[in-house]
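Read from first to last, the chains carry the letters A, B, C and D; within each, the first residue is number 1.
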Amino acid sequence: MIIVMKMSAADADVQGVVDRIQEFGLRTHLSRGEERTIIGIIGDERPINKEMLERLEGVEKVLPVLPPYKLASRDFKAENTVISLNGTRIGDRQVVVMAGPCAVENAQQMREVARVLKDVGVTILRGGAFKPRTSPYSFQGLGREGLEILAEVGSEFGLSIVTEVTAPEDVPLVAEYADILQVGTRNMQNYALLHALGEHRRPVLLKRGIMSTLQELLMSAEYILSHGNYRVMLCERGIRTFETYTRNTFDINAIPVLKDLTHLPVIADPSHGTGKWELVGRVARAAVAAGADGLLIEVHPHPEQALSDGAQSLKPERFVALMRELRLVAEAVDRGL
Amino acid sequence: MIIVMKMSAADADVQGVVDRIQEFGLRTHLSRGEERTIIGIIGDERPINKEMLERLEGVEKVLPVLPPYKLASRDFKAENTVISLNGTRIGDRQVVVMAGPCAVENAQQMREVARVLKDVGVTILRGGAFKPRTSPYSFQGLGREGLEILAEVGSEFGLSIVTEVTAPEDVPLVAEYADILQVGTRNMQNYALLHALGEHRRPVLLKRGIMSTLQELLMSAEYILSHGNYRVMLCERGIRTFETYTRNTFDINAIPVLKDLTHLPVIADPSHGTGKWELVGRVARAAVAAGADGLLIEVHPHPEQALSDGAQSLKPERFVALMRELRLVAEAVDRGL
Amino acid sequence: MIIVMKMSAADADVQGVVDRIQEFGLRTHLSRGEERTIIGIIGDERPINKEMLERLEGVEKVLPVLPPYKLASRDFKAENTVISLNGTRIGDRQVVVMAGPCAVENAQQMREVARVLKDVGVTILRGGAFKPRTSPYSFQGLGREGLEILAEVGSEFGLSIVTEVTAPEDVPLVAEYADILQVGTRNMQNYALLHALGEHRRPVLLKRGIMSTLQELLMSAEYILSHGNYRVMLCERGIRTFETYTRNTFDINAIPVLKDLTHLPVIADPSHGTGKWELVGRVARAAVAAGADGLLIEVHPHPEQALSDGAQSLKPERFVALMRELRLVAEAVDRGL
Amino acid sequence: MIIVMKMSAADADVQGVVDRIQEFGLRTHLSRGEERTIIGIIGDERPINKEMLERLEGVEKVLPVLPPYKLASRDFKAENTVISLNGTRIGDRQVVVMAGPCAVENAQQMREVARVLKDVGVTILRGGAFKPRTSPYSFQGLGREGLEILAEVGSEFGLSIVTEVTAPEDVPLVAEYADILQVGTRNMQNYALLHALGEHRRPVLLKRGIMSTLQELLMSAEYILSHGNYRVMLCERGIRTFETYTRNTFDINAIPVLKDLTHLPVIADPSHGTGKWELVGRVARAAVAAGADGLLIEVHPHPEQALSDGAQSLKPERFVALMRELRLVAEAVDRGL
């Protein structure tokens, strides 16, 4: 951490800052410039509260030098984390597709989708049983019944299951039925939930908050890692900006940035990232070209009857065609799919 | 809801939309323009899923006409909701101040603050026992011990207590000790928590999500109201924008907008809204001038030693001076404080 | 346009709105719902001022039905606009690359870059002579001398020239030297400049404002088109969001959205869109995969000595390698490059 | 400036950075931490290009220490700049109101407004003759005729005139008729215009760009100051955020922040800051309570017939009532109005 002192700071102020830092067992380094004095902290600055330093007499601003996450960083672990799941390796050379409807509605719907996935070689089925919805008057998901349908259809077709968990006390229940536990965008900073997932050791798909920075996403991953669970995937799913034509703005930059900063697999969700089925295919192709390790795509046999997110769901025919397109792009960037 | 058909829509497409709407027991109204046909829904559109309609053949876009919240609206209840709490009336003519440190650190700290509050006539003490923190390495709050300190100091000084609850299963525990249960910005869309608070019937202070629109804030209030708890206060605490000089951008427009749209009391949090103690006083004055029913202000006896949010906490002397300033502004807009 | 009346609107209010609309020679269509009356405008609503209607007695809100641009829309012209330039066809099957340094510094620098472009088959050279800079103390470009260098090097190597123009009175001067006139992000709504470019009839590369919606970008294009110049390219170059890790957030969604809404060619600028050279290649690949018609890429022989934007400029070796990667991606999406 | 080196940086990299800085005649200061080496620049860092340093071998990031503006800062000039205008002193103890319609439509309209202003003691009349409009099909202002009306009505009622100038070549023309030249939000970074205004020496009202940071606003002011014109007022007029209920988000924090960072007067525009006349009064009161030196308010005798911005214009009666409210708030914060 670098502490920049005010032009008006007295020598006693400088000494006050130095003393405070030394209380934490760290050393300092002074640099007196023409306009301002600057104090550098030598050692691991992470335990020091930046805001506390900002309130010391004579301090103008405090600039962190190290990123605040550690276990999630490439500095800590250089090689890619690969998560294996019934033969599918996420984070490795193959781009992995997870697909299915936004919400589980009934067994027949899930079977229709599962059959399509099976035909095109997709091995992971998605579907929501617990649905966080903006309105209390909207369909909230089938709950436990939805989980049972997922597990049943998954085992019938030999597909792994990814589904959302929304409360810490539901973690054991959902983990009974699902292979990957998804943290939704509204829960990225639900720390009680992250804590529970850290202890449960089931693979986690952590979605970026709709208005969370990449650093905050990495900090939320750090919560799970620091509680002992290292099998975490990060998911870019679009952020909120001033643009209203699309539901969200898919942050394509996030993909190469995360691949450079962390060893964890990076998944793209072009369905939420655009909110419009017409755009999903082209943004999915872009995500693969940018280096995503996987895709999360909404597919619904009858989007015009979907109980949620119909506008962004692909019909099966379109999804099948998209898989062909994605394979070509994956090969062009030296990956498989 | 208004459904705008594409220029290319066929008569059969129009009929398809009309049929679908009638399945919900609603009537429609057709308007054939020069370029496009428009279909209006007659009746309460809230149960209809906008996205489902968007996927019907020939539909270009769907425009909602009614706001999606009902119980929270002024249309539903014209007069202000007033929440009474040991003699303090929130939402009435008096502007109510709630103050205290970000986190409860120990009993002595809380007593120092409580004494200051008592001296200037503030009746509600704030302090966090469960602290959601971005980093797993930061101080996470004292938990139950913090609640005990709060309750003890509150009863000693005759102050009501407002404190945050972060998980549904903690609601009964926190409600044992606190008079107002606060929902933090990261939990505004934690629906399991909102549900629990709706059933528990203790007054709730609902903070706007850092990334949430005013309509989403009202929808989250609707969750609590629709589960039976009508004593909800809304709190503007700054939103995330591109501006980085301040920690958040305090949305002053939100105050008059919310006062016009809803009957619920509107509270302002200039401490989080600015993130810098130097700005808190002037933004607090602005909030009162704009019509806020209350203020939530961070006060710490020794901000330079605070375990969280020291940079935005006022020292007691500054807080005392601010109370005098705020009284003058409140009177200028025909309120008391 | 749809006018939604307030619940409390009287019959006279409804009549007032109808009368006002009829003054513009347009017809109306009434729909009386259970809660509200809705008035539809039949005919071309574009000449009517939405805000004027909003101030009429009893009006709650006004919802536009038609997009406000016309000449730029696919409805107006279904097939792609192709801009031909010394044999290069922009907006056709081939993806077109324009490359060069941010600022023209001297003839030698431009020759080094031009040679690289020539080697890899790039036909359009970029370089800024008039540089809008945030600080008055930064390098502001070489002005006319820069234009002369551009034109000389361009003719020496057989390359077309794209360069920025920043003021209406400079349009004739810049057009003497350049083949494509670029409107920078800060000038997207400089209407005097757009007007001048509309009359001058030289191809225009219109960059999206850092703060502009896609609809506003299309409206700015409409300014140029409506003054008679139909050779306009749109350029996505990243928008400003809350994310600060990257200089801008490249809006990948913008590419398919624009391709669907307009017939004009869509160019991507991954250099400004990311602000970091390490990310440029992967985002460039993504843009091609998403359907961009062209790329604008900063290349500098010695980025560590660049007078502006060095951090986002590629070194020649890296650019050459990127061209190979881009060709593979272009082929994967059935384009050439 | 602080240069943070990568963990992997070699000694030669550190030396390379030091050498490069010394080429600019500046000294450096090294601090070798446990994980990283940090290099501080001693002396005025403003001439050094941050991005150039970022491209040097081994550099991880570059953190500026000094703000990039100088003449505009409180460090440079501690006391408030006061701009005198026919007896009105802007930036002094009195809060100054400037009011009038968005666009000059005809002489009668301006006279109606001027009469109201005169009655309540307002001394500055606003009105647009050159109107930058998003759509080429909207009313673009009366141009020179509008200026003539403004000047005529101003002199008739003894009011000073503020009006917008949109192109550098119009500066002398507009300055013939107006006392204050306004730079609109879309032109905040139109450097050719800022340059012209710097040389013309007429007071300038510089509006913040809709998506510009406060630092960028100060940099644009610096452009004008550095070309010799010190009579610049800054205007907060709302920024673009994700919230769509209001036209813009009025950044109330900007007022105390600017008052602390700069000596220039700070004006608030609650009309554009909200976009809805119902909100203007309460946000105007807030701006005064937060310390604004002046207000820019849209008043129109018949907003429902206004050719632009009718939705945010006050009717004369409401404006007169608001002036009374504002006086009370100004007195409560120890100012006059």
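The criterion applied here is as follows: a residue touches a chain if its C-beta (ideal position, glycine included) is under 8 Å from a C-beta of that chain, and two chains touch if they have at least 3 such contacts.
This is a predicted model, so every value here is computed, not measured.
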| item | value |
| --- | --- |
| Farthest chain relative to subunit C (centres taken as mean CA coordinates) | B |
| Distance between the centres, which are taken as Cα means, of subunit D and subunit A, whole angstrom | 39 |
| Between subunit A and subunit B, centroid-to-centroid distance (C-alpha), Å | 26 |
| Centre-to-centre distance between subunit D and subunit B (centres being mean Cα positions), rounded to whole Å | 31 |
| Residues of subunit A engaged with two or more neighbouring chains | 211, 240-242, 244 |
| Chain contact graph, described as a line, ring, star, complete graph or other shape | complete |
| Residues of subunit D defined as touching subunit C within the complex | 46-47, 49, 51-52, 54-57, 68-69, 132-140, 166-169, 186-187, 189-192, 209-212, 216, 219, 222-223, 226-227, 240, 277, 303-313 |
| Residue ranges of subunit C touching subunit A (in the complex, touch as defined) | 211, 213-215, 239, 241-246, 249-257, 260, 273-274, 278-279, 282-283, 285-291, 325, 328-329, 331-333 |
| Contact set on subunit B toward subunit C in their complex | 2, 4, 7, 29, 31-36, 38, 40-44, 63, 65-66, 75, 240-242, 244 |
